[in-house]
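All remarks here apply to the structure that follows.
First chain written, first letter: the chains are A, B and C, and each begins at residue 1.
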Amino acid sequence: MTRSTGRIAGILLSLTLLLLCARPASAIPAFARKYGLPCSACHEAWPKLSNFGQVFRDNGYQLGNDRDSPIYQNPSYWPIMFRTSTQWHRETFDRFPLDSIPGNPNSPTVESNITTSGFDLTGIDMFAAGTLYKNISFGIQPFIDNTGRIHLETAFVRFDNLLGSPWINLKFGKFELDNLISERRILTLDNNGFYQLYHFKPAGDNNIFGGLGSNQLGVELLGHSRNSYTRYSVSLLSSTNGAVNLPTSHTYDVYADFTQGFEIPGLGLQRVGVYGYFGKSPTYFQTSGGNAIPGTGSGNRSYYRTGVYGLWYIGKFDFSTFYMHGQENVFLGNGVRADQPFNLPLGAAGPSWNGGFVEAHYTYNPRLILISKYELIRMSRQANPSRADNFGNLDTWTIGYRWYPFMSTRAGLAWLQEYSRTQTAGTAPLSGLSSTSSSYLMGFDFDF
Amino acid sequence: MSTMKPSLPFFISTVVLLSLATAGIAAGPGPDAGGGSLSGVVKFQGAAPMPMRIQMAADPACSKSHTTPAMSEEVVTDGSGGLANVVVYVSDGLGDKTFDAPTQPVVLEQKGCVYEPHVLAMRAGQTLKVVNDDSTTHNIHPTPANNREWNKSQPPGLTIEETFARQEVSVPVKCNVHPWMKSYVAVVKNPYFAVSAKNGSFEIKDLPAGTYTIQAWHEKLGTKSQQVTIGANESKKVEFDFR
Amino acid sequence: MRFRTLIPRVLGLLLLTCSVASAQESRIGDLTGHANRGKALYERYCIFCHGTHGDGRGESAAYLDPKPRDFTQATYKCRSTPTGTLPLDSDLYDTITRGVHASGMPSWNPLTRQQRADLVAYIKTFSSRFTEEKPGAPIPIPAEPPTTPESVQRGADLFQSMNCWQCHGKEGRGNGPSAVSLTDTKGYPITPFDFTSGPRFKCGNSDTELFRDLVTGLDGTPMPSFTDALKPDQIWDLVHFVKTLAKGNTVQAVQSTPKGNQ
C-alpha cells in the first residue's frame, strides 16, 4: 500500500466510523412534559425545529409564561431526556483498498467492493436542559457512543434576556454553533445523516477544526427579535475544536451568524442568513521525547468557512439551502509545519472549495415527513497541484421518510427508512477513479 | 359612593309587588282562551334537611341587614311536606307553536345579600330586571349552558336589564363577590310554567286542550316528568314527589 | 400490541384530516384566515391542551391550572366587546399572539400572521354561535387622564366600594375573603389575579388594555364587567390604582382605606 492510498483508506474508514455513531441530537420530551406541549409545537417533525421551537430555544428554553422558572415545577420533575435509535442497515463501498491475501499487509492492494449489514444501535444521547432560575438556563449533554465511550457534547450556562432585552443573551461553556440548519436536529440518521460540508476538510489537511458541526468551547452573544425573525450571534471560541484541557494553543476563533426572516403571503415564513467561521490551527507543537506537549501549539495558520443559507417554505414543502466557501492556509492544507516551508510541495497553495446542499421536506402532517437531500462539494483549488482538479469532489444524496406513530407530550417515536449514496471523485486508491458508498437504513428513533 | 344607602321605599315596594306578581301569576293570560288549568302540589317525601345558616361576616354590609340569621334556600319545605322553589313547566306537547315574549320585565332583587326570589321563572326573550337594594356592590353572573354568559358589577342602586334568548331550566345565577348568593332563573319558551309556592302548590292556567309532558325541576333534587292530558276548560290536579 | 391499537387510531386521524373542514373565515385587518388551513395548525399546536373537539379536554388539560379554554362555549376572557357578546376576530388573534399571562397559554407570536389568522378561523368553528351571532360592538376607550395621586386615591376608594378586595384582597394579592370560593364557568377553581405579582396582566399590560378589561369583564370567570357600574373616569382611576399594586412600580402606592369591614 502506498502512503497516499493508506491515508485515503484511513480517511474513508474514519469517516465510516464517524458516521456509524449517529450525531447526538436534541428533541427534548423533558420540555414537552414541562409545558404540556406536544413535539409538534416546537418541531415541524422532530428533531427539526419550527419557528416556535426556535423562539423557545433562543429565549433560553423559556416560553415566557409562568412555567419557565423551576420554582413552578413539580419537585419530582427532572429535566432530562434520553434518545437512541435501533436499526438495521446495510453499507456498501466500492473500490475499497483491500489486501489481495486477507491478513497479509504485504500482499498487493486491490480495489474491491465491500458490503456489510446487520442490526445495530446508535449511541445513547442524554440531554438535560432547562432553567436554573428565571432567565438563567443551562444545557448538559453527555453522549454515550455505541462503543460505550462518553463524550461531553454540551455543557453551558446561559444568561437570558439581559437588561430585559431579547437582544442580549450570553452563553458560556461548550455548545453547538448557532446554525439554523442544525446538524444536531437533522432528520436523517444513516451514513450520510450529517452534512458533509459541516465536517469537510480536503484530503491531507491537518487542521484540528472539526467543522461547523462540531461543538465548541467559548462564549456566545446572541440576540433575537421577539419572534426570532431577526437573529444575530457572535461567538468567541477557544481554538481547540471543543476539546478540554486546552490541548492546542491559546488562540481564539470567531463565529458569527445573522439571519432575517420574512413572511410571504400565501407561502409562509422564509429565512435567509449569512455566517462565517474564522479560526486558527497550530501546525506544530513543542515536544518531549518526540511527543507533542498539549497547549504548546505554534505556527498557527488561519482558515475560514463562510457562506449563506436560506429556509424556504411553500405550503407543506420546505427547502433548506446552504452554501459554503471554505479555505485553508497552505501549511494546513498540506499538513506541513509552518516553520518548515521547504517541505511544501512545489506550487503548493491553500486549498479552497465551494459547496452547498438542498434539503427538501414534505411535511404531510406532524406525524409524517418525506425527506430528500442533495449535497455537493467542488474543490476550487488543490493544496498540492499534482492532484487532479476534481480530486475530493463529492456528491451525495439521500431520500427517506420518518413516520411518528403517535404524538405525545411525554415521548417521541419515529419509524424511519433512508437510502443514501455518496460519490467522491479521484479517491479510489489504485485507479484514481471515483469511489462510491451507499447506505440503506431502517429503524426506530425514540426519546423520552 | 362606597356606602351609599338608597332609601327608596316607593321603588322597593313596587319591586316587591312586581316580583310577587310574577312569582304568583307566573304565566299571565295565555293566548288560548277556554284552556284548562293544571294545578297541584310538589311534595318532598321524608325528613327535609335542616337549612344551613349562611355566613355573611365577610361583608358586614350584608350581615348587618339581617336581624335573624339568613338561611340557605336549597331545600325549602313547609310543615306538611310541600316543596317550594320547584319550576313546573310544559316541556313538550305544544308542537311548533311559538309565543311572543311579554313586554313587562321580571325582577330579580338582591336584598340583604340574598336573591329574591330564590328561583325565578321567565320567558325566553323577556327582560330580566336585576335590582340591587343593598348598600354593597354585587356582581350578577348567570352561568348558562345554552345562553349567553355575562357578568356585570352592580353597585348599590344600579339596575341591570338583560335577556335570555333560549329555553334553559335553569340558569344558575351567582354573585362571585358574595359566594353564598345563588339563585336560579328558569327560562321557558312558552307561557305555561309556574314556580311552586312555600306550601308546594302551583298552578298553570289557560293551558289549551292536549297531551303534555310536564316537568318539575328542583335545583338539588333533579327533574321529574309526567304525561298529562287536559281537556278544554278542564281543571286537572297533578302531584310531583321528590325525595 | 401498542401498534395494533395505534394503527386504526392513526388511520382515523388521517381520515379526519381528509374530511372537509368548515368554510369559516376570520378577518384581522388585511388578513383573511381560513378554517381548513387552521385545522392542520390546530392539530399541530393546540390540540394537546384544547382537545380534538375544542372542548378544552386535551391530553395535557389535567395538568394545567387554569384549564384550557373550552371553545365550544364561545366564552372568551380577553375581548374588546361587551360582556356576553362574541369577541372580534382580532381579539382572538391578539390573545393567540400575546398568550395569557399566569396560565399555560404561551405567546404564539412565532407563528406567521397568516397562521394565527387561520387558527382564529378554525377556533370559531367549534361554536355555532359564530355563525348565528355577530360579535359585539367594541367598547369605546376614551383618552386616558394623567395618573395623579388624586386619581390613584379615588381608584383605591373604588377598589373598596366596588368590592374588588372581596376577591383580590385588600393588598391586591388575590387573597380576599371570597377568593377560595371562586370557580370559572366550568366549575374549576380559579384564583383572583395577584396584582403584586408584577406588571403583567392576563389580557395585556397597557393601561388601555386594563381599562378595556374592566369595561368588558373577563367572561367565563368571576371577574365582572363594570360597564354600567362605573363611569370611564372612575375606571381610569381604578386602572391607575391597580398599577400601583405591582412590585417595583414607580407610582407610590396609596394606602387603601378599608371601609365597612372589620
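Note that a contact is a pair of C-beta atoms (placed from the backbone, for glycine too) under 8 Å apart; a residue touches a chain by one contact, two chains touch by 3 or more.
For clarity, every value in this text was computed on a predicted model and none was experimentally measured.
Enquirer: Most remote chain relative to chain C, going by C-alpha centroids?
Expert: A
Enquirer: Per-chain C-alpha centres versus the global one: which chain is nearest?
Expert: Looking at where each chain's C-alpha mean falls, the closest to the middle is C.
Enquirer: How many angstrom lie between the centres of chain A and chain C, each centre taken as the mean Cα position?
Expert: 43
Enquirer: Averaged over CA atoms, how far is the centre of chain A from the centre of chain B? Could you give it in whole Å?
Expert: Comparing mean C-alpha positions, chain B is 72 Å from chain A.
Enquirer: Averaging only over C-alpha atoms, locate the centres of chain B and chain C and give their separation in whole Å.
Expert: Distance between chain centres, rounded to whole Å: 32 Å.
Enquirer: What does chain C use to touch chain B in their complex?
Expert: Listed in rising order, the residues are 73, 75, 82-85, 157, 160-163, 166-167, 177-178, 181-182, 185, 217, 219-230, 259-262.
Enquirer: Considering only the defined contacts, which chain C positions touch chain A in the complex?
Expert: Per the stated touch rule, the residues are 3, 6-7, 9-10, 13-14, 17, 40, 43-45, 47-49, 59-60, 63-64, 99-115.
Enquirer: Considering the complex alone, what residue numbers of chain B touch chain C?
Expert: Chain B residues touching chain C: 1-3, 58-61, 136-141, 143, 148-155, 158, 160, 162, 176-179.
Enquirer: Going by the contact rule set out above, which residues of chain A touch chain C in the complex?
Expert: Listed in rising order, the residues are 35-38, 40-41, 50-52, 54-55, 63-67, 226-228, 263, 265-266, 268-269, 365-367, 405-409.
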